[in-house]
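Both complexes shown next keep chain A, but they swap its partner, so chain B is in the first and chain C is in the second.
So, the complex of A and B:
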């Protein structure tokens, strides 16, 4: 598995896309910090970008990589290698290189602009950790979709749809249900609904760390009393881990049974 | 002829009470540096009490410390500490009762319940005092400067911090409040109740429960004040409730959770104010008619205006909005497309407060955009039809 991971990783490192992705975040980091020199304010803007863009890129990249390397995968399958190590190797290769691009691309400008000396370091590392989780989650989901769909167009379609659902449509449904049931106490419901979607969960986790949480009023106070405790934080990260582990497990099972 | 009586710890006269009883009208008491453990000091004749190098008057938490019950009294340069705390009477460090033409200046008050309490007094001056409280709970703390049924008083250059309300006015008309700094108070920096025709200018209100609360008052003028960092789940820069015919001009509201919270207030002119990085710049809660918002800067607020009804009778014109994305083809400095300051999201949040958890979600940006293009839910006449392209200096 490690060999395949290494191969996939270096393959991606050599390809232009990893650099483009890395350079994009590098440029983003520098521009943000150049425009407002305040590290903690840049973290807020960055959050908006990370919770939308990281899942999208993870999804597209995962699907693209799977379909692109399909012939090579079939070649590997003919060798006496365990199937799970082939697919896991590829998955971790893609997710690893994306995470590395994200962490380095954003980390370098922030460190250069004096992150280590500012109070925002905790918020920022939280942001990167969540970015890494989102990459892992969405790459795993997209690998699952690609594995289940031979048709590339269909696979791409489903992948984009999945992103659209979790990033936009879910919030729409969430909002509708909040308005429909406004007569009822909704704090626990909204807490629950937030926990179920990794993008919402990430957004909430970061928002509550920032000053802006005062805007959330009463509901925010309920959220804070949950996410602020170590138990709440533990449960949130458990949810993110589950979101990563379950698709990966499905990937292993599916690949074992699949007829290539 | 008026004479000067000197009080010091090893003079003939060692207590302030004794000096007052010996003094004739219009005498001056000169209090030398030292500590005077006295309370319930009654000043019942026109005297000037002057401290030299801030003598300490220590009330030992036994009750009220100084009471003025005569016209033409001046208190200058004392350091008054340890006012008694009571749940039945409002003990004050300095209380002025039914007196005129008094001056309280350069006084420092610490460890207090109420600071300076003016009761049915008029034509006085409270100048350059420093009041430092240690208020922790609202129920057992008092106000820094309190005016009750008082008229024509000038409150100038005071520093008030850590009390319940920094400055509190009740049934007090024609009061001028200038150049004060009111910070870290539990409740309000400045609080008006049933007080009319008052003016406050150039004051700074920072980090209070709410900067200024103006309630049930008429004809208040608020010019060039700064409201900063009144930040928290129930904090406001300014809270207006049942206010009519007021003028709010040239003020700066910066980093407050809610810049101005308006309820039942009519005929108010909001001109040349700056709203910078507030959660809500202005939150209108209903029953507000004929207000005019003109030449204000709205810079980087999470929500510029929040409105809870579809009816609008207020006018917005010639403001600068940092969220404005229109263009100006004829280069006259006025945008050609009207700006709609109420976002759909703020409308929804008003209806169902729990929806605020979707703050900064992509979905909200999408529906805000569609609402901006074709308004359905927000009042369609609530718009600035002449938004400025450059911010007002």
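So, the complex of A and C:
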């Protein structure tokens, strides 16, 4: 698996898109720090961008890479390599290079600005950790979609729809249900609903870390009392891990049965 | 060498293989023939484990290949359509495959034989169809495995390369290897094949030597003999 990972990773590192992605974050980091003049404020703005953009890029890159490397995959399938190693290697190659672009692209400007001496270092690390999780999750989901759809256009369509659903539509449905069932106690429901969407979960985790939960009123207090505790944090990261592991397992399972 | 037992495979509603029974003994060149869509490539891909059969068993040297992958170390495969990662150079591709297989290879002699030296630093996307096929042949023959599977090896080759390929297949046969080849060029089959397997509608229709095939169909030419099978069975 490590060999496949190596080749996929190098392949991506040589492609223009990894640099574009890296340079984008680099520029974003510098611009935000320049405009805000404050690490903590920059982290909040950054969160809003990361929460939406990282899943989108992970989804698009994953689908694109899978379809583009079809030939490579077919070549590998005739070699003495385990099927799961081929797909896992490619998956970790894509997710790894995306995560590297994210961490380096944002890390460099913040470190240069004096992150290591500021209090925001934990919030910032949390942001990067969650960014890495979101990359892993959405790349895995997009690989699953691509593996199940021979038709590229369909695969792309489903992948973008999935992103749209989790990033936008889910929140809409969530809000509507809150309004609809106003009269009922919704604390547990909203906690539960937040846990089921990796994007919402990530957003809540960062918001609460940043100590701006007071802005959220009563819900904020409920959330704080759950996510703020170490048990809540543990369960949240467990959920993010599950969101990563389950699609990866399905990837292994599906790839074993597919004809090429 | 290869035992295939009651092999079934369908893609959607399309039944491609319906109960293939084959016993391929070690050594010699075996041609797998049949009209388009008769299941030749599916059969080959099943042996390689790229296609997962619905029913039936395949074993190589007495060992079942189901869910196995190490046995592919003993197989060299030339795919029908040479699809390579297009952003790699020929040299890098050769190095990569060597790295993945981790065994002895003699690529330099083959590069010389097919005149591929000027293309080593070119990207695979820029190569012509024939040159790609030569690279394909290079990747297949550079290792020393006891079983060689060639799916339409003559596609796009010029006469010089074709002669070299036939010589190459000949020398590999001398070493006692088993070579499985599919082709629609009957002249090529007649020149190299020792035995013939004829697939029709997903079943083995004929198995034996070329002479037996001619005798059975009352034809003195292989091309006509094959055509005779195809027409009589459809009548």
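Operating definition for what follows: the second predicted complex is superposed on the first by the 259 of 260 C-alpha atoms of A that agree within 3 Å, B and C clash if a C-alpha of one lies under 4 Å from a C-alpha of the other, contacts with A are read in each partner's own complex, and residues count from 1 in each chain.
Going forward, a residue touches a chain if its C-beta (ideal position, glycine included) is under 8 Å from a C-beta of that chain, and two chains touch if they have at least 3 such contacts.
Quick caveat, the model's predicted, so the values are computed rather than measured.
In the superposition on chain A, contact of A:186 is made with chain B only, not with chain C. A count of residues in chain A touched by chain B and by chain C gives the higher number to B. Once the two complexes are laid over each other on the shared chain, residue contacts for A:171 go to chain B alone; chain C is not touched. Looking at the shared chain after the overlay, A:81 reaches chain C, while chain B stays out of its contact range.
For chain A in complex with chain C, the touching residues are 3, 7, 11, 14-15, 69-72, 74-83, 256-260.
Considering their complex, residues 11, 45, 48-52, 67, 69-73, 75, 77, 79, 83-87, 96-97, 99-101 of chain C touch chain A. Chain A makes touch with chain B in their complex at residues 47-48, 51-52, 167-172, 174-175, 178-179, 182, 186-187, 190, 194, 200, 203-204, 207, 211-212, 214-221, 223. Contact residues on chain B toward chain A in their complex (touch as defined above): 231-235, 257, 279-280, 302, 348, 351-364, 366-367.
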